[in-house]
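Encoded as structure tokens, here's the structure I'll be asking about.
Order of writing sets the chain letters: A, B, C and D. Residues in each chain are counted from 1.
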Amino acid sequence: MVSLGVKIAGLSLKTPLMAASGTFGYGGELLLAVGAENLGAIIVKGISLLPREGNPPPRLAETPCGLLNSIGLENVGVDRFIEEKLPFLRKHDVPVIVNILGDTANEYRDLAERLGSVDGIAGLEVNIGCPNVEAGGMSFGTAPAASALVTEAVRSVWPGFLMVKLTPNVTDITEIARAVEAAGADCLSLINTVRGMAVNVDTRKPRLKNVIGGLSGPAIKPIALRMVYETWRAVKIPVVGVGGITSALDALEFLIAGASAVQVGTANLVRPTAIREIAQGLRDYLASRDIPDINDLVGSLIL
Amino acid sequence: MVSLGVKIAGLSLKTPLMAASGTFGYGGELLLAVGAENLGAIIVKGISLLPREGNPPPRLAETPCGLLNSIGLENVGVDRFIEEKLPFLRKHDVPVIVNILGDTANEYRDLAERLGSVDGIAGLEVNIGCPNVEAGGMSFGTAPAASALVTEAVRSVWPGFLMVKLTPNVTDITEIARAVEAAGADCLSLINTVRGMAVNVDTRKPRLKNVIGGLSGPAIKPIALRMVYETWRAVKIPVVGVGGITSALDALEFLIAGASAVQVGTANLVRPTAIREIAQGLRDYLASRDIPDINDLVGSLIL
Amino acid sequence: MSARAYINAEVVKNLELAEGAYHLVVDAGSGMEPARPGQFVMVRPKEGLDPLLSRPFSIHEFEPRRMEILYRVVGRGTGLLARLAPGQTLSLMGPLGRGFDTTNEKVLLVAGGIGVAPFLFLARRLYEQGNSPHLLFGAKTKEELVRVEELSEFCAETVVVTEDGSRGEKGLVTEYLEAAIAKNGVQKVYGCGPVPMIRAALRIIESHGVPFFVSLEEVMGCGVGVCLGCAVPRADEGYLHLCKDGPVLDAREVKW
Amino acid sequence: MSARAYINAEVVKNLELAEGAYHLVVDAGSGMEPARPGQFVMVRPKEGLDPLLSRPFSIHEFEPRRMEILYRVVGRGTGLLARLAPGQTLSLMGPLGRGFDTTNEKVLLVAGGIGVAPFLFLARRLYEQGNSPHLLFGAKTKEELVRVEELSEFCAETVVVTEDGSRGEKGLVTEYLEAAIAKNGVQKVYGCGPVPMIRAALRIIESHGVPFFVSLEEVMGCGVGVCLGCAVPRADEGYLHLCKDGPVLDAREVKW
């Protein structure tokens, strides 16, 4: 028997496979398809203090081996999340990580405080890829100081598992990573989507109503993997890899390059059973190579 | 008859399709496959003052809809280029644009000066994605000041057509674009490759000997298109779009989003006749829509 | 087996009925749960990541194991679909979404072009309940009036309209809608077709005070409610999500 | 037609000879120029961008129109190739690169596993020139000794070696190389197979002062010399480019 269990910053996961935020809903739909035993954690769709409508359609456009989305952070807001979604999630034996977002550092803090008052939340993932409303709208995550500010705001009220999710739309991801580490994050997840665009040449309109959206899926895997590797070498806290993982081999690339766990996003849309299949693929890989423990692979890249 | 001719910063091209640097060699191999009448310009493989060996193999790795390369700027050096390669290129009725690279701003300047002394060169494309050796090795193109410095150095000795090629590995491409515009560039080309990585999970080694390489091909098209659109709105000089163009529809996306011309790179490796097919596709598109002139499409995005 | 998984289905038939319009019949084995008229399936090639997303199609006809769709080739995904030969396999997930309400009221079906797809299954179901619907089917030319013979078998009356007058009435369906509602004492209208047709139909139908339910389209990511990609603006505020709240929606709930 | 373009070729035969080893025969029509032994072709699916790159394969046998390759399934591209059925088409470009020199000298061919691929065409050419080569063919097991009957028809002598002794001599080809060179008065050795085999062979062959030419492998982008992807380190400094300078190289020119 091989072991897929991992422990990140004190949080124990049955497998190193988390469902990435925004691609697994609030867990209800896909949990049964995947099976709780295959799922390290569920990261729910990004939650804000107040409900958000999201962007007008079209919100999705396919690109070569990729997906552009401009969902625009539609969500039910923290109160309805706690009332309507959390009870279902609590019933399953899978850690629930809440992805949070806000317009200001204070909003992030208030959100963390509110979530700290309820049971059944294993940790927070802070999405710092959102526009920093107080500073002209560039995303928090593109500046080390703003990234640190948000991290500190959350840390000040949330003593538990705190993962900060980095945006790839930066010149030097390690600079942001170090700032977030210093500000008290327990671990880092990366990458969020890469900003992209597509045009319909028949209508000459952008394929997304919002013009620009976030690129995800296999297309961005090499970018994500590079950033995970760079970040892993730059910080001491664990790194969780996200971006384009659709198969066990993809997940293994990230683990070998330094990720302590990974998140599966777009692949859940393509195949609701993706995480189950990836978990099985990991078991097969370990078994066929007589590797007893998935942790032996983490950071095992041979240069 | 529809017209594919475009004029960028005074340079007339028979079609808006240029062969991107590093994917067309020095023109010899593929020119015949494409046909001079389909080719707006040939941008030759990046040239440095002295010959360079390039990186050890493996230098290439395929990724989903993409290609990672770490050729490492292998080239014959400016003298052999002028002696051995330029005579062949001069014989064809296609503008030759020389892509130049260096370790210091002075090297770029010296190179431009040397190239200024010979005939048959229609313009320069300055690759500012190279490591800035005097400033710790981050690429020139990731800092506005260093980007401007290189541009000014070349401009000081090169009065002719000057295109500066931007790297996408930055937080805000418009900031770099504006700095390069102010420093005297005639036009901008973007994007160069996106830094990426891949791992062989059998050997646990990076797929590239150099570990990190540059991602090109259809996978990066949405990123390139977004940056072209952002840059087109931020500067007054023309923008040339590059990144993942493999079909006429791809080229049209860039033109509609603001590019005055485009470059075709990786697609030349996949199909040596790619540019010929794209040119034909553009003619068909214009004819079927009764658009007489390709220039009518440039920046025609409907929001 | 849960409906939240792709199953392999074997192509039984994939026939071009008119230029660019295909009729696909697959053997979905025992893995597909019974469908209701108006529901849809997500379809993808059995292998590969490009195209990445599955494509949604209304269920054209359904019997246990046997699932049919009617589709028009408009791009890459449907182009690949058109090339599948009998014996080859594809992946599909479904039935998904909420279908048409099939309680016994006097129903008028209004179809535009390939929008007729969901109505065969629906008409048969209504017919079997002893409640044959009326059908108003519009298209550009007679070639586009695909599957009209099969459909009219289950309909109390079938009115076809072509823009070029090559078959049936000449003009737009909307010009014949008024009469169809009034004459037959219609209690409910179901529509599927191009948005301009639906919009025009809505104005007419509303003026008769008759409920109008439409099967809509939007780009879909997952088909199962997790990505929030398939947003349709609500009449008041916010969005409906077509894959969960639809694809059949009350036209008055939607902002047009 | 220039060799710098892909042509459509129709699969005539695609047979699994041994586990994972396939023999593909295509009808390349009139678009393919005559090939020389040792040259290669770039092969890609007729459509789609994923996989993006073409895959290089040695020409196993060639007659006008008819081109054959012998390949082992090792990953995605070869996996897709293995699924092609007769009648389906693929894209190919070639012949490319520089092949084997076929002047009349006493030649020994040293093959390891699927590395035997380029030697059928070469052996036949030499045989037709009245200069049948000697063949030393090593593999793990007898199953991997694919196409050995066809090959030995054109060879003056065929020595097969398997690691498990299931056919012919037991051991590694390199153990029999010394004898093969000495006994037959060999003037030139051609090799194709795994790098460790080539390296070991080189040491032995060099000690006999006999030239050794090898067909090498490296990841290729374009196959026509424009991308500089296929670098092979030179013995002195810098790089050779396999698709132009090779794939057959003088083993002494290469840094091992």
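As a working rule, contacts are C-beta pairs under 8 Å (C-beta built on N, C-alpha and C of every residue); 3 or more make two chains touch, one makes a residue touch a chain.
From a predicted model like this one, the values you see are computed outputs, not experimental measurements.
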item	value
Reaching chain B from chain A through chains that touch each other, fewest steps	1
Identity of the chain that, by mean CA position, is farthest from chain B	C
Whole-Å gap between the CA centroids of chain A and chain C	36
Averaged-CA centre spacing for the pair chain D and chain C, given as whole angstrom	55
Centre-of-Cα separation between chain C and chain B, whole angstrom	46
Two or more partner chains touched - positions in chain B	64-66, 217-218
Per-residue overlap in chain C, given as positions that touch at least 2 other chains	49-50
Graph class of chain-chain contacts, one of line, ring, star, complete, other	complete
Interface residues, chain A side, partner chain C - complex	22-25, 29-30, 32-33, 45, 53-62, 64-67, 69, 71, 74, 217-218, 246, 266, 268-273
Contact footprint of chain A on chain B as seen in their complex	63-66, 68, 138, 142, 169-172, 194-199, 201, 203-206, 211-212, 215, 217-223, 225-226, 229, 244, 249, 252-253, 256-257, 285, 297, 300-303
Parts of chain A lying in touch with chain D, wherever the complex brings them together	64-65
Residues of chain C defined as touching chain A within the complex	2, 4-6, 44, 49-54, 93, 218-222, 224-233, 237-239
Chain C to chain B touching residues, read off their complex	49-50
